[in-house]
Amino acid sequence: MADDGDLAGPARRARTRWADVRRHWHFYVFISPFFILFAVFGLYPMLFSLYLAFVKWDGLTGMTWVGLANFATMLEDEILATSLWNTLVIGLLYVPPMMVLAFLFALALNVPWLKMRGAFRSAFFLPCVTPMVVIAIVFGLLYSPERGLLNYTIGRIGLDPIPWLNSEAWSKVAVAILVVWRWTGYNMVLMLAGLQGIPHEYYEAAKVDGAGAWQRVRHITVPLMRPTFLFCGLLSLLGTVYMFDEVFVLTRGGPGISSTNFGLYLFNISFGDFRFGYASSVAYTVALAVFVIALAATRRGRASPDEGEGGA
Amino acid sequence: MRTHNRAGFAIGLCALLAALAAAGCATGPTGETPAQVLTPECVSRPDRVAGQIDVWGWNIAAKSLAKLVPDFNRRYPHVAVNVDMTGANLQTRFLLSLSAGVGAPDVSQLQMVDAPKYIATERLTDLTPVAARYEKSFSPSLWRNCLHKGKVYAIPWDMGPCAVYYKRELFERYGVDPEKIETWDDYMAAGKVILEKSGGRTKMLPLAPTSLWMMYEILLQQNGGQVFDDDGRIAVNTPQSKQVLETLRKLLASGICDEVAMWGHEFMAGLKSDSIATYPIAVWFGGTIKDTVQEYPGQKARWGVFRLPALEKGGLRTSNVGGSVLVIPDQCRQKAAAWTFIEYALCTREGQLAQYRHFDLFPAYLPALDDPYFDAPDPFYDGQKVSRLFATDLTKIPPLNRTRDWVEATRYFEQSLTLWASRGMHSEGFFATLEQKLHRRIGREISPASLSLAEGQAHGR
Amino acid sequence: MRHRIKTAAGKLSLYVVLAGLALVFLVPFYWLAISAFKSQGQIFSTPPQWVPSPWQWSNFEDIYRETNIVRAFLNSCVIAVGHVTLSLFLCSLGGYAFAKYPNAPGGRKLFAFVLGTMMIPGAVTLIPTFVILMKLQMVNTWWAMIVPGAANAFGIFWMRQYIAAHVPNDLLHAARIDGCSEFGIYWRVALPIARPALAALGIMLLIGTWNNLMMAFLLLRTKDMQTLPLLIYLLQGETRTPFGMLMAGGLLTVVPMVVAFLVFQRQFIAGITSGAIKA
């Protein structure tokens, strides 16, 4: 490329720049299909949604600018508060059992002498590839108070039938059980990958030192799995907040609003009430809150001392 | 080779675009401009009106429409009616289809309280050319909800006039004469007598502090109170509202209320036991009573009905809760056919009486109430002429200005009432606070008739 | 000797426990499968029937007769294939560009920008997407389900990582020297090598699209455009639900995904685990 020594710095940089762009024209052509669609259906909606957070609009008639009024309404919205509470409760109900189960299953499947590993893995993983609408309806049958399989089994053990979907407390449990069933396999696979990344030498060294199986797990496996656990935890956080199909189909958020989580709540105010402006402000606020929580959790998770390389 | 590959690129891109275009072409109907404006000429010749119409409804209402179809077809033989009662989330899907301009049925049911919200979307057919003549055939309290900027967009279907269902034995046992109850004060006095004489076992009515709205709405219509004024401004802080709230307070404070959730387990059990003596509620509750009571064996309680107590002596002794309307979305392509069905079901004595007879849907169409059927004694109520009792004074019920924000406003109202009831029922400032809350949440102005100014409780607006 | 027996017993018990749990996990599938062959009464029988007797096929006949299930199956297929193809094409082409043209001005910044948008959850963009589709009159079309979300940030990130790591620059130089066009290099050199990544991304997208209920519920407004999950969902009535038909339809909706998973297991799992490790 001819170096034009007479031109001043910025102009020459500009010319070089433009020459670079022209040299790389393939790059821009190749990314343009993606970017055009991304701009229309990714970027523009994000910005438009941000704008909508400051208006009152029903999608059909006129838009009114209301400034921060939507955010003020959010602070007093009892139903939003209830939905966030429900989300927390459902999360606390399902995440610990699911993580424990996933970890135990991963440990079991990681055992070197195990045959049929693929079959077991498939059995546990299959739940998460199926359409939730069908599964939720099946679970609805299983949860039927008088004729469901669950209450029948419970009855055989001698306990009272549980009003799964008809009780404000139990509906959350019903959702939690469904979610555990669905996502344990997924987390198990993630944890399995994490387990396989732990070098054998550590275990050998521990065995030589006389550590038993569970001690090895406690002192080597668990600490080294921290990044994996963190990753699973973050996925679970997002999953719980934005969970939709399970609640929409199984309980419809009921009875009352006792099992309405945030995902369903947002859907209800967006497309049930058609309050586009308010819904946008709620969506952004909660997204921001989740982001902050995720960031804080990641910082804390990474800040803990690692004994050697973890995970990968 | 370079040219070859550039051609390959071009061909590949074209193929992809062609495939996507083909995918795009094979589509379902998309939102297009609606056909026809509805005029009386369209429907003047019954044998000329033709089409296949889809009707959406739920539960009993849908079933009653389906049952009308054979008789309807005698008048309009070329209109095929398909009543669709399946499918969850009917109202959400209806609103989505209205917005998208495609997928809405030709006729849809809506709850009366929801009608203003849907009408405000301006995606419903203007029915004024064919329906204006029916204005006087409906109670103003119903007709008002069907209007938008002076035009008619919905037709009232059924309504829920209110009275008090009571158990005769309990009243006889404790020596209470229902005929003597004229006002809510009389009612409460009777309730206290029953409570005392039954040793606290029998309460007068079910009223839970968590769901006070229905009772509030019943009482509000008895003295002409409003939530919104005629211009859509917030009008909750008025003398009428205060009177209603005071009546509620007295009811709850008197100890005669069984604080059970409506439709809950104890509520339904109360129908079969001695725990609740009366149910001040709308006519549609009668169906539940009959179904539940006939379910269990043994001696049945004898029921009767007396007129709703008034707020003051000589005041209005009825009210309205519930009811549905029918609408035609603007995207409908068979507007004439759709209208003929609505007209038959809602604006003829034949159609309305059939629905009352078979499905207990109380007619909103006033001329239907002249029918001798309403004077027939009902054996279930010991031969009392219950239908006539419910059909009294319906045109006197003052219309509530519901506006498109009604459902949202009543939600906040109910929350506020629940809070009020659980914190000692201090009515001072209740309406001023509620007024501000509604103003902030819904964004409507506050009516100048509000008492907040006089009470010195107005905040910056 | 005792040690060996103990270990054998230990192994056996692990197998038994795992098998038992696996069976428990599979109960809902089993229940779905057998309910498709039961009548409404049998579905609600007490005690619950573990084997349908009599075994009946009428649910499948009913759903074929009374609903648009064949059309719904077609819709689901077209939408799934369309979305996956479009997305794979956009993301692989774009990912290749980001991976193999690192010196293009603004390239790094653009990529970082796209990555940054991954922080913003889909829930935020749902309303505007709906509004755009309404304005473009694309509601109730296949387009509405195929196009939005095809250009997704995760996809382009995924393809870029893989191509950058597995496609050696020497191959590209060699191809250029041979006179291959830039698009030709992408198509003939990079794509074949990136096949595992395409498969992984593809299967994830496939499953997500096939199973999607929310978008279908919002955007598909008439019976002839419904996808299978939406049709199943809407079979539930306010008062009466034909569970037999529903289970039959549900089975038809689930089976393709089960098959797809069993065939592409390795790729799918490779996809989600390497994503985790990178994070």
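The letters A, B and C name the chains in turn, as written, and every chain counts its residues from 1.
Operating definition for what follows: a residue touches a chain if its C-beta (ideal position, glycine included) is under 8 Å from a C-beta of that chain, and two chains touch if they have at least 3 such contacts.
Here the structure is a predicted model, which is why all the values come from computation and not from measurement.
Engineer: Leave out subunit B only, then trace which of the remaining chains are still linked through touching and list those groups.
Structural biologist: Connectivity check, subunit B excluded: one piece.
Engineer: Comparing A-B against A-C, which pair counts more contacting C-beta pairs?
Structural biologist: Between A-C and A-B, the larger count of C-beta pairs in contact belongs to A-C.
Engineer: Mind checking the centre-to-centre distance between subunit B and subunit C? Centres are C-alpha means, answer in whole Å.
Structural biologist: So the centroids are 43 Å from each other.
Engineer: Go ahead and note the Å separation of the Cα centroids belonging to subunit A and subunit C.
Structural biologist: Each chain's C-alpha centroid was found; their separation is 16 Å.
Engineer: Distance-wise, how many Å sit between the C-alpha centres of subunit A and subunit B, to the nearest whole number?
Structural biologist: Spacing between the chain centres: roughly 40 Å.
Engineer: Touching two or more other chains, which residues of subunit A qualify?
Structural biologist: Within subunit A, the residues that touch at least two other chains are 59, 271.
Engineer: Check each residue of subunit B and list the ones that touch at least two other chains.
Structural biologist: In subunit B, 88, 96, 99 touch at least two other chains.
Engineer: Using the touch rule from the top of the page, what residues of subunit C touch 2 or more other chains?
Structural biologist: 89, 134, 183, 218, 233, 236
Engineer: Looking at the complex, which residues from subunit A come into contact with subunit C?
Structural biologist: On the subunit A side, the touching residues are 17, 20-21, 24, 26-28, 30-31, 33-35, 37-38, 40-46, 48-49, 52, 59, 105, 108, 111, 113-114, 118-127, 129-135, 137-139, 141-142, 144, 146-149, 152, 181, 184-186, 189-190, 192-194, 197, 228, 231, 238, 242, 244-245, 248-249, 263, 266-267, 270-271, 276, 279-280, 283-284, 287, 290-291, 311-312.
Engineer: Would you pull the subunit C residues touching subunit B in the complex into a rising list?
Structural biologist: 78, 82, 85-86, 89, 134, 137-143, 146, 178-181, 183-184, 187, 217-222, 224-225, 233-240
Engineer: Flag every residue of subunit A that touches subunit B in the complex, lowest number first.
Structural biologist: Listed in rising order, the residues of subunit A that touch subunit B are 56, 58-61, 64, 66, 69, 72-73, 76, 78, 252, 271-274.
Engineer: Give every residue of subunit C touching subunit A within the complex, in rising order.
Structural biologist: Result: residues 11, 14, 17-19, 21-22, 25-29, 31-32, 35, 43-48, 89-91, 93-94, 96-98, 101, 103-105, 107, 110, 114, 117, 119-132, 134, 147-153, 156, 182-183, 186, 207, 210-211, 213-214, 218, 228-229, 232-233, 236, 243, 246-247, 250-251, 253-254, 257-258, 260-262, 265, 268-269, 272-273, 276-279 of subunit C touch subunit A.
Engineer: Name, in rising order, each residue of subunit B that touches subunit A in their complex.
Structural biologist: Within the complex, subunit B contacts subunit A at residues 88, 91-92, 95-96, 98-99, 120-123, 408, 415, 437, 440-441, 443.
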